[in-house]
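Notes for the one structure printed next.
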Amino acid sequence: MNGIDAHFRLKRRGFMLDAKFTAPSSGVTGLFGPSGSGKTTLLRMIAGLERPDKGWLTLDGKVWQDDGRFTRAFRRPVGYVFQDARLFAHLSVAGNLRFALRRAGAKEASTQGDEVVAQFGLGPLLERRIDGLSGGERQRVAIARALLSHPRLLLMDEPLASLDRDAKRDILPYLEALVRRADIPVLYVSHDLDEIERFADHLVLMDQGRVLAAGPMAELAADPELLLARDPDAAALLDAEIIGHDAGYQLTACRVGPHTLLLPGTLGMPGAARRLRVRASDVSLSLARAANTSILNILPCRIEALEPLGAGQVLVVLTLAGTKMRLLSRVTTRSRDALALATGVTVQAQIKGMALVEAAS
Amino acid sequence: MNGIDAHFRLKRRGFMLDAKFTAPSSGVTGLFGPSGSGKTTLLRMIAGLERPDKGWLTLDGKVWQDDGRFTRAFRRPVGYVFQDARLFAHLSVAGNLRFALRRAGAKEASTQGDEVVAQFGLGPLLERRIDGLSGGERQRVAIARALLSHPRLLLMDEPLASLDRDAKRDILPYLEALVRRADIPVLYVSHDLDEIERFADHLVLMDQGRVLAAGPMAELAADPELLLARDPDAAALLDAEIIGHDAGYQLTACRVGPHTLLLPGTLGMPGAARRLRVRASDVSLSLARAANTSILNILPCRIEALEPLGAGQVLVVLTLAGTKMRLLSRVTTRSRDALALATGVTVQAQIKGMALVEAAS
Amino acid sequence: AADLRVAVAANFGAPAQQLAEAFEAETGTRVAISTGSSGALFAQITQGAPFAILLSADEARPKALVDQGFAVKGSQFTYALGRLVLWSPDAELIDSSPAILETDRFSHLAIANPQTAPYGAAAMEVLGALGLEEELAVRIVTGESIAQAFGFVQSGNAELGFIASSQLATAGGGSIWIVPEELHAPIRQDAVLLEAGNDDAKAFLDFLRSSKGREIVAQFGYGLVETTQPAPSIYG
Amino acid sequence: MVEAIVLTLQLASLTTLILLIVGVPLGFWLARDTGIIASVVSALVALPLVLPPTVLGFYLLIGLGPNGPLAPMLAATGIRTLAFSFPGLVIGSVLFSLPFMVQPARNGFAGVGREAFEAAATLRAGPLDSFFSVALPLARGGVVTGAILSFAHTIGEFGVVLMIGGNIPGETRVLSIAIFDAVEQGDWGAAHQMSAGLLAFAFVVILTTTLIEKRAGGRAR
Amino acid sequence: MVEAIVLTLQLASLTTLILLIVGVPLGFWLARDTGIIASVVSALVALPLVLPPTVLGFYLLIGLGPNGPLAPMLAATGIRTLAFSFPGLVIGSVLFSLPFMVQPARNGFAGVGREAFEAAATLRAGPLDSFFSVALPLARGGVVTGAILSFAHTIGEFGVVLMIGGNIPGETRVLSIAIFDAVEQGDWGAAHQMSAGLLAFAFVVILTTTLIEKRAGGRAR
């Protein structure tokens, strides 16, 4: 089997982990779950830092661990970005990066080193001591260090939790590009759903030491049975193809099934495939198509289901007309009654243009 | 003068801080700025942990520090929640909390201890060792510990950065309540604008060691001159008064100037004042009032200004008809042209009901 | 607590203990014996150590103490004569003569430090008299005290060594050459009174010179100075 | 024999206690002060080690004696010399074992780090309070090591003790001197016996201390 | 005199070097292993301290001699005894100073913590690599303290050396014995001179080491 295939069992005082999941051999797999659900513990077992009571782990068909075998941590080609940066206090920033490079055994090491340093904006920090770095600076160095070790599997434990949004914005595309180019799988722990949906295309949902669900992001995101769809930040994912640009208005036109959507910015060459993220709270419904509105994208949909969320709110699960793609919308019960929304009804889903966010593909 | 009055100057290799600001004597003051802008450094100087080259600090008219005087850290009644939890590794969770209580010298100590423990869900953790706690658990203990020291000024350095949203949601209301009851000022560092706007009613904006602006949240949030309004999460704040509830639909009706808005949930007793947060990206504009839409709140506004944001987007600054209150809306340049939006034009601002968020008052 | 404190050179510790017991049996005066190297005892006495008597391993230090006013003039006398023997635990090695010293059948010859210990100085005199001083120089190992030299031989690290005949009791066999007294200056171990007015001390010194005392000293393998009459008290 | 054992335990315990009181704060200071004075003091502390114990004892003998610098002060209290007395032994042992207490303690404190002190300060713990409630528990490993080394060293030490003490039974004659005497007088049997007893006793004390320390560390850390 | 000085330096340096090679890994193991065996070994390491140096030397004399346990092995190489030889002195000094190296080193390593090793392991550093590139630099303070204590102690130590050395000029007669002899002979002038020289030298060495260590620590940490 390609990709990651893992099953771990571990018992601790007051905590029991029994997690089984698979993840694809490339792209980002998000690990999402509440505090204390065992995300960090799971990552540590994959890295070989924690020995489970029972463990099974293969990467691309190669067995790293089973009942008899246990590949030790330093023999597993994983990169690990810890929740706390864990830089070496006795080395400078450059020393920390060199530590990784020296042991990576890659030929392109030095050139890639410069590249990573530049992209993470570490140039001015290279000679600095670790304890003089701010939280964000530390984490940037830690991510760069993990990348420079040329891992075949990258494990990231809330790597961006201590970065501000500007720094995140700078790093995310670079990480995405690097991960796509390197073609290695990434396990990405976060409790920020926005971040996960933006970054991950596969998802493992955890709670209390167990895997609630695992699968493609788009499927799980719109599954009204899962907590995900009931989250205030819940979103649906749409597969789109870029068909053209409007240079004057800086808009990109995408085809989603038989529909055309307009997105701000230049998102790629015509013909490129993209995934779009539509937050349930950004989708309003109307019975007729409104004119003279700033809302750019209005799509006809069929109501599949209505799930009460409590507090006077309803989650409306929609199918985009002419496709099998799902959309989610959050409306008040009052609107539901006012518009007589019910399963089978056809409605216009109004999506605020700005709310369309490119997701990793 | 009441509240905090601070002015610090500090020079470091490659970093120069010169920050002067005041903050009210109660409520939460947010400290917002990019990574490395000096937020942590400023907080440390206020706590007396860092000696600036030149410093001036008073709290409610009492001088803590000036050219001659320097009140040492342990004599300043501040509570400090560090970016890294900094729990004492040689003590259990209970030991850490007791450490704070014993030195707080308050009579209500023990009862308040139980209360805080309960509210932060620390009961099952009390006997645990520190290194067995997850990141989120640690930070919960750290916040509880700071509160138990009965501070007269609470300093929080990204206290929620390592908490997942569920844990945040549990803690935030409790923090707000406690802060309001205790009537002490809180300085709250975060680079999460959502968090700050939700929590803070006063804001200090920092960049590169300087204070860009300081003032009431609502003013700064909608000021198109400031970066804040250009932020993708930018929001305007509206003063509202609760006028009634619709029990069936679980909606709360609020008066904002001459207008009535409907918000999901039960937000308070009629007559209570609330502040509402409206994100620019949640406001769409239309020329005529649309019917048959799930959007509950549609308010007439006058366009005050149009600020291009780049990437085909425009920030529209609006005044709510019949008031002086500001609203912000983000639209595409294409919509601006299609609807012929210009200063002085009257438009209908459509606010998705769910996007109204109660802000601290 | 003791009535009388006596400083004793380490090599005379065991006989001193027995003397003390006999003295106590006779007079009821309890004696505390403090042993140490003669050099250390000397330094301590000059710094006010609370000893009433010194039983030194040499004659130079008691004399120096008298000269410097730390000891009572005229109280110094020789309580024992050291006897030097060449000893090996190997029963075959020594044939009751110094012949072995001229062979290379041994790699180490142990002696006491000639600079600090009279037994060491005497051993060097013997080697000088035998004309072997130069030849054996590289094979000589030096113990800081005569006890250490004994330890070197007893443990087998040195095949043979010059030791005090008083140590033969604990040696247990082997072969020896008793060094003729003419080959070195006599090893006089002198006693001296440190506290002029201490009657117990005077009594102990008298006991040391009494026939009973001399008997005990001789028992431990020490020689005695010839005396014609049983010692009258020299303290009047 | 019994006298010597009791005296040895008294000396070792008292010395270790005094070293804890003197050496631990000194180690704390040396760990936190990075100035040149601290470095010099740190080097000075190690110096007693460099002299052969008997020679150190010899200088102490002179220093504590009637012609030493302390003599006028002592004279005022009616004491002629501190040598040949139990207090003199304690002074000598403390001085000689000082580096064994100070250096490990200093390392222990150096490992505590600014962070913990800052957290303590924001919780109203003053310097003294922080020292006892934060620094000391966190530096416990180093302090315990220092105490073990000092205790063991004081038991075994005899050069200094022999020189300043004068080997007076019941007063300054400790076990190590008794063993030394036994060897010196060729009484190897007694020497073996006492050595074995001493080793067994010390082994038990040290092992117990180590285990208690580990238990305490394991529970709290 | 010059011979004695050279010999002393050789002995102290070689002993410290061997202790670094032997004691540092031992300290590392003791810091990471929490089992009962490690605790026992840890207590055993401190034991040489408990015996008076001359007594320890006495046992070494027996142990290293022709009747000792090593004798058959030695005989094969044509050596009758290790006593009275420089290698013998080194063995004695190493054994006697072992606790001074091992205990501080152990504390140093104990302060490094799992976190750093985990980070190193995920960067492909094997156990040996981690030891040299992470553990050792981070535990530097403890190791340097151990080296300083060992060095100083070996210089000053003379009981063991006296006992197994045989005071052979150029081979086993070190400075500490020379000073001891001077005191013993009542040649206090010479003793003062040599002591002063030794103290000054040791002070410079220790201070320099401390400062270099601090500089290195200050730069990297």
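By letter and in written order, the chains are A, B, C, D and E; residue numbering begins at 1 in each of them.
One rule holds for everything that comes next: a residue touches a chain if its C-beta (ideal position, glycine included) is under 8 Å from a C-beta of that chain, and two chains touch if they have at least 3 such contacts.
Keep in mind the model is a prediction, meaning the values are calculated, not measured.
Novice: With a step meaning a move to a chain it touches, how many steps does the shortest path from chain B to chain C take?
Specialist: Tracing touching chains, the least step count from chain B to chain C comes to 2.
Novice: Among all the other chains, which ones are in touch with both chain A and chain B?
Specialist: Expected: no chain.
Novice: With centres defined as the mean of C-alpha atoms, identify the chain lying farthest from chain B.
Specialist: Farthest chain from chain B, going by C-alpha centroids: C.
Novice: Report, in degrees rounded to the nearest 5, the angle of the rotation taking chain D onto chain E when the C-alpha atoms are fitted.
Specialist: Value: 180 degrees, nearest 5.
Novice: As a test of understanding: of all chains, whose mean C-alpha position lies farthest from that of chain A?
Specialist: For chain A, the chain whose C-alpha mean is farthest off is C.
Novice: Let me have the rounded angstrom distance from the C-alpha centre of chain B over to the C-alpha centre of chain E, please.
Specialist: From the centre of chain B to the centre of chain E is 60 Å.
Novice: Taking the mean of the CA coordinates per chain, how far is chain D from chain E in Å?
Specialist: Taking the average C-alpha coordinate of chain D and of chain E, the gap between them is 19 Å.
Novice: Which integer distance in Å separates the CA centroid of chain A from that of chain C?
Specialist: Computed value for the inter-centroid distance: 91 Å.
Novice: Rounded to the nearest whole Å, what is the centre-to-centre distance of chain C and chain D, using the mean of the C-alpha atoms as each centre?
Specialist: 36
Novice: Which residue numbers or ranges of chain C touch two or more of the other chains?
Specialist: In chain C, the residues touching two or more other chains are 40, 43, 151.
Novice: Listing for chain A: what residues touch at least two other chains?
Specialist: 84
Novice: Residue numbers in chain E touching 2 or more other chains?
Specialist: 58, 177, 180, 183
Novice: According to the definition already given, which pairs of chains are in contact?
Specialist: A-B, A-E, B-D, C-D, C-E, D-E
Novice: Mind pulling up the chain C residues that touch chain E in the complex?
Specialist: It is residues 37-40, 42-43, 61, 64, 107-108, 110, 113, 115-116, 140-144, 148, 151-152, 155-158 of chain C that touch chain E.
Novice: For a test of understanding, state which residues of chain A touch chain E in their complex under the given definition.
Specialist: On the chain A side, the touching residues are 47-49, 72-75, 77-80, 82, 84, 86-92, 95, 99-100, 103-105, 129-131, 145-146, 149, 155.
Novice: Going by the contact rule set out above, which residues of chain D touch chain E in the complex?
Specialist: Those residues of chain D that touch chain E are 34, 39-40, 42-44, 46-47, 49-56, 58-59, 99-100, 103-104, 106-108, 110-111, 141-142, 145, 148-149, 152-153, 155-159, 176-177, 179-180, 183, 191, 195, 198-199, 202-203, 206-207, 210-211, 214, 218.
Novice: With touch defined as at the start, can you tell me which chain A residues reach chain B in the complex?
Specialist: So the residues of chain A touching chain B come out as 14, 33-36, 40, 83-84, 124, 134-137, 158, 161-167, 191-193, 231, 233, 246, 248-251, 262, 264-265, 281-282, 284-288, 290-296, 311-313, 329-337, 339, 341, 350, 352-355.
Novice: Within their complex, state which residues of chain E touch chain C.
Specialist: 58, 61-62, 64-67, 80-81, 83-84, 162-163, 166-168, 177, 180-181, 183-186
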